[in-house]
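Sharing a structure, written as structure tokens. Questions coming.
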Amino acid sequence: MDALAPTADPTNPACVVNCAVYAQDGTRRNIAVDAISDVLGQDDGSFIWIGLYEPDDDILEKLQEEFGLHDLAIEDARSAHQRPKVEAYGNSLFLVASTAQVVDERIAYGETHVFLGPRYLVTVRHGASLSYAPARARVEREPDLLALGPSYGMYAVLDAIVDNYLPIVSEFKTSLLALEKAIVSESFDRATVRRLYDLKRELTYMRVNVTPMQDVLSQLVRSTSHLLPDEVRIYLRDVLDHSVRVNETVDVLRDMLGTALSVNQALVTLSQGEVVKKLAGWAALLATPTLITSWYGMNFDAMPELHGRYSYAILVGVVAAVVAGLYAYLKKVRWL
Amino acid sequence: MDALAPTADPTNPACVVNCAVYAQDGTRRNIAVDAISDVLGQDDGSFIWIGLYEPDDDILEKLQEEFGLHDLAIEDARSAHQRPKVEAYGNSLFLVASTAQVVDERIAYGETHVFLGPRYLVTVRHGASLSYAPARARVEREPDLLALGPSYGMYAVLDAIVDNYLPIVSEFKTSLLALEKAIVSESFDRATVRRLYDLKRELTYMRVNVTPMQDVLSQLVRSTSHLLPDEVRIYLRDVLDHSVRVNETVDVLRDMLGTALSVNQALVTLSQGEVVKKLAGWAALLATPTLITSWYGMNFDAMPELHGRYSYAILVGVVAAVVAGLYAYLKKVRWL
Amino acid sequence: MDALAPTADPTNPACVVNCAVYAQDGTRRNIAVDAISDVLGQDDGSFIWIGLYEPDDDILEKLQEEFGLHDLAIEDARSAHQRPKVEAYGNSLFLVASTAQVVDERIAYGETHVFLGPRYLVTVRHGASLSYAPARARVEREPDLLALGPSYGMYAVLDAIVDNYLPIVSEFKTSLLALEKAIVSESFDRATVRRLYDLKRELTYMRVNVTPMQDVLSQLVRSTSHLLPDEVRIYLRDVLDHSVRVNETVDVLRDMLGTALSVNQALVTLSQGEVVKKLAGWAALLATPTLITSWYGMNFDAMPELHGRYSYAILVGVVAAVVAGLYAYLKKVRWL
Amino acid sequence: MDALAPTADPTNPACVVNCAVYAQDGTRRNIAVDAISDVLGQDDGSFIWIGLYEPDDDILEKLQEEFGLHDLAIEDARSAHQRPKVEAYGNSLFLVASTAQVVDERIAYGETHVFLGPRYLVTVRHGASLSYAPARARVEREPDLLALGPSYGMYAVLDAIVDNYLPIVSEFKTSLLALEKAIVSESFDRATVRRLYDLKRELTYMRVNVTPMQDVLSQLVRSTSHLLPDEVRIYLRDVLDHSVRVNETVDVLRDMLGTALSVNQALVTLSQGEVVKKLAGWAALLATPTLITSWYGMNFDAMPELHGRYSYAILVGVVAAVVAGLYAYLKKVRWL
Amino acid sequence: MDALAPTADPTNPACVVNCAVYAQDGTRRNIAVDAISDVLGQDDGSFIWIGLYEPDDDILEKLQEEFGLHDLAIEDARSAHQRPKVEAYGNSLFLVASTAQVVDERIAYGETHVFLGPRYLVTVRHGASLSYAPARARVEREPDLLALGPSYGMYAVLDAIVDNYLPIVSEFKTSLLALEKAIVSESFDRATVRRLYDLKRELTYMRVNVTPMQDVLSQLVRSTSHLLPDEVRIYLRDVLDHSVRVNETVDVLRDMLGTALSVNQALVTLSQGEVVKKLAGWAALLATPTLITSWYGMNFDAMPELHGRYSYAILVGVVAAVVAGLYAYLKKVRWL
């Protein structure tokens, strides 16, 4: 991050990742936070973009005073347990976006809060979230669009947030594919069910975070606020479209996961039926000769079969034949 | 409660928890209920806030007369079996809110009814509900906002109600987590299913109570009534947002609970399959030597094996070998 | 019914339960059906309220002529197989409401049709439905409200209809509670499943009847017809609210019933697993000594164990020890 | 059909079931298709009603030319694989309705296409559908309403179509009732499940056909086209209402069918549990005496019990007592 | 493709499948891409239609410059991972359509992007998709309609896309039918469940692709853009209708598939019950004579039955009778 913004003013507190003025021609100049009021004093079409990471109360109060931000918005930005939303406070917009990032093989969610005014853009990151330095760098390469005002910077941030969902969704797809393979294979076990449940939970949380993002973007696209020029709204429409696509994919995955659970249940029941059949088949294969041997264990005085010379040999043959015949039959009807 | 409002007028009936006039500068003066008409007689920008707890008919009739409340609203406030709603009666609003509180480890629901007029705010609590004294105290610390009129007091009450949902929702999350652990562990039993059902019921009732609260708040935010200044509607929007968050969490929990039930069914079926396999495995392990012993219990005259010197020893060896081999095989195919 | 309306005109046909004129001051005067045109001839702010029970064609034709009712509405009122609806025919409203009543321990549904015009109110009851005499009596005690016109009478009828749903819904709750108890107890059997199915069916039919009632009431509340003064619409809003509450409760019951069915399935599967375990446990307990006894039934010449003096006693001890040990083990792993 | 329209012009092709002019006073005059342009030439308030059954291209082209019908509508009318819809083409309406009829104990679906213009009504039947001659006859008995124009004829056709759904829905109800009886009885088998699946499929197709019919009727009722006088729209509202009722019933049946499937699963599982219990019970009843007899088959030298005079008699008694006691116990715990 | 458009300009790059000017009278003239600006320079009511297949960046940049296309639209057209959508950029429309085609027995999805301006139509195909040469040929046979402008060409392309769904949907129906047969037959096995899951997945992806197509078409039909004359919107309405029909069929198939899965589960459970019954029946048939033979294997001194002359013969008879009787009984109660 430092590498990308090496000229950041050293007098700014650590939580101020970036603080710069963008002139009407799109050129950038880093300033100290204390210089904000001077910049706002000149009506030269420039705007200020400040990037904060988990700011302390002092800097938030300072900004509230400079830009006239609303108490409720500041309180939200401080506590960071908000759902995605966009709210108009007089001549400014306050936006909460939900960010997601894979940290240590788990999905961690964070929040980014955005204050948008006629001449300022404040982005506040909380928790898991990538730096917006690349978004800022990209914007600076497009001075024509940056001249549209701070809302184009907001677009770049939102675009980066939604793009960050994509690798997670793609990870979900891979997980489902692995589950599907496990389900139709014979190796299905408790661990598979547990992973299935975990995936379902992650998809559910993803959905809770992304669906309101779609609403937020949709509101921005339809908004009539003069803070959002028509040209910027066209760009926001593009972000909205990406968020819809993420949402759709999550819904498809949830749907398939439910079906996978049902199909798994069907397959487990089927294979249990086969186990019971095998159990029955082998029981028959053992119980039949047992009956015969038990028969000739009877102590009747007169059992002529017992006394023949080849009786025993015949019995061995009969038992072998019975077992072989039974085995063949049970194989045929697939009970073995 | 007494501690927070020690100066309450002693001539008021017991069900009047609070009765005060707030001057335009936000200062408070406790008054007797009988003094209401005097206060209303002076058009000095002040308003009256009365807090009742399960009021009797006398006091309701008195207030109806003083403030010109509608018959239907008074009837609702008396019976207290209403769903959350907001209704306009001429120049006043009547609002029913659903409150929830954990009492003796169970969730108890109550109702709070609010009458809002240009110069009065009446809050009527029924059943399980915390006192609004903290909400009142908070408001009194913000005289600027209190000067916006009685609707800011109503906001404080609604904010307290929705905030009271949060510990309950958090309790739900803990319960689900415990259930999830029980389900994937082997200790799953009838008691777990019962707790699962109980949680589902509590979530369902929670939803029935909170969803219309969200509608009520949404109506207030969109309302064009002059009783609700724009500035207050911004604060109500914040409460709405919290109620949406509660609702979302309840929905996620319901969704996960349904999946947990399915997953549990899958796991139970799986473990039954293992039981049947074990049953079959042990049956085979016992039935095989039984067949052999039964064989040599036969009484044929001529069974040469019976008469050899080492016959018995050989048999013992053969049986041991067969059983050991079978055991090894069944272990390998996981039928034991 | 006769007791409540003893002065009904004897010249009216039997299906005319009531026929009265209400003067502008709310006073009532019973009249003969034939006198209707005389009353309508005088423009004195009075209105006529006629109550019918399963009327014949003659009286319907007579009323059609007097009040100028629409062919289709009359046809509907005759056949009585309509779903709840409200329809405007020129200067009049035609409304179909669904009524419910417990008759012989079963829920019977009926219909009430209402014709509302500027100066008349015709209520036609079909099938199971309580008399509206109490509603009429209540209205007559409120001459101020009755002065609002015939729509207030319609409100009283609709209020009575929706209130009649409440004991049925409460009965449903009791049934579900009994089912829940049966499900978690061990006494669950085919009869419980059958009752569960019956309850589901009754809830489904209830829903089909009550949901459109809510639509009807919602249309009336939003209606801009001059037949419904604002003040009456406030009262109808109250009825709407009750119908929403009925609907919500039915939905909650349906939801819980579905969960109960799943939970029941889970419990039955669980208890079957226990049966199979017991089966396996007892099989092992019997098969093990059988193997031992079978062993010593073998006829080998040389089985030294058979000839010892204490051999038999030792065998008895060994078998007893094996069985006892196995029993203890199986108890411990809960297979017995 | 011939009987009802005996005077049909013999010069018309076979697919023209009916071709008549209705004068402003509602009187009918059969004409040849070739005479259409003459009739349209006179602006005397009359309109033409043509009924076709699976028409060939010639007659469709002829009518397209005479009435100025749109290419797309004609193409639709020719191919007859449309879903119910209503579409405005300039000064005319094109409507596709779905018809249903029981043919050879199966439900066959057909289509009826309607072209409605200021002075013409063309009805085109395809596939399974009853003749509209009765609808036409009914309309001719109501000259006042027929004077409203061709749209009243369209109403009569739509009314006949929706009325034809009723016997099918009633047949569905009977099928569900029979299934419910089979499910709760013991006679439940594969054939029942198959019938259940078939019913589900038929309900699903019914729904796919009837739901858009409801949309079509709803669009007509709300339409502001001058082709549909207010008075006719009141009649269409009546048809809409019937279609809503059909739809609701189908939905209820689908819902109950789903529950029936679940309930059936619960009952099958329950009865399997009973089978397993019986299996276990009888196994115990046979295995116990087998153990005893196996015991006394042992060849120990010293088994004093074997040599007593009454030993065998005692054994018989003991075995009988054990079996009887076990039987009684198993009966008591319902394992037999 | 070449055959259909043999006169394509040889100077165009390979990815330009077609590039032609359509004069106001509908006649076609192939041009080189470089000649576009000349054509646009003359305001003679003609329009240009360019067909591309997976174009390179050069040609896209060229077209962007000529027609003034928006950056975002060009970026979308390049990357081709968009969901179906339609977006207005100033005086032009950008449309993404989803195409489907069966390739190697699997469904492959592609995308077609359309740029529509007052005087141009650019169609860009990506991935699996049939050539639009037939659509173009059809349009050229209707010069009257082509005179409506480039939007009629767009209609022809969209019509071809939606028509291409039909054989796939019909394939789905065949698959479901085969699955239904497998389910109700006895031949149901793991492979059937796997195919069921695969069909479900394909239906889900189909739905994700076709549903937004319906939205896109619906937006076009309701659009007020001057790029879409009323007459063309009537044709688009027809395409919309086809897409609705495809969607409905997919939904019906999904619904039936879910039911098929449940029904299959019911049938598998039923047939498992039969297996267990058979297992129990055969066990009884073997265990009963085993008990008898075990009985007479006992070594009691005094077992008079053993010594009779016909004892053995009688025993044989008794065992045969018992087994036969048991067999008959078990057959009767359907346990065999």
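Letters A, B, C, D and E mark the chains in the order given here, with residues in each chain numbered from 1 onward.
Operating definition for what follows: contacts are C-beta pairs under 8 Å (C-beta built on N, C-alpha and C of every residue); 3 or more make two chains touch, one makes a residue touch a chain.
Here the structure is a predicted model, which is why all the values come from computation and not from measurement.
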Inset, instruction - Identify the chains adjacent to both subunit D and subunit E in the sense defined at the top. - result: none
Legend entry - Topological distance between subunit A and subunit C, in contact steps: 2
Inset, instruction - Specify the angle of rotation obtained when superposing subunit B on subunit C by their C-alpha atoms, rounded to a multiple of 5 degrees. - result: 70
Inset, instruction - Taking all residue numbers used at the subunit A/subunit B interface, answer same if over half belong to both copies and different if under half do. - result: different
Legend entry - Separation of mean Cα positions, subunit E and subunit C [Å, integer]: 42
Inset, instruction - Give, as an integer number of Å, the spacing between the C-alpha centres of subunit E and subunit A. - result: 26
Legend entry - Shared interface positions of subunit C, touching two or more other chains: 265, 269, 271-272, 276, 279, 283, 287, 290, 294, 297-299, 303
Inset, instruction - Would you identify the shape of the chain contact graph, picking one of line, ring, star, complete or other? - result: ring
Inset, instruction - Quick one: which bits of subunit A touch subunit E in the complex? Just the residue numbers, please. - result: 180, 184, 234-235, 237-238, 241, 244-245, 248, 252, 255-256, 259-260, 262-263, 265-267, 269-273, 276-277, 279-280, 283-284, 287-288, 290-291, 294-295, 297-303
Legend entry - Interfacial residue positions of subunit C with respect to subunit D in the complex: 70, 72, 76, 82-83, 85, 87, 89, 189-190, 193-194, 196-197, 200-201, 204-205, 208, 261, 264-265, 268-269, 271-272, 275-276, 278-279, 282-283, 286-287, 289-290, 293-294, 296-299, 303, 306-307, 309, 311-312, 315
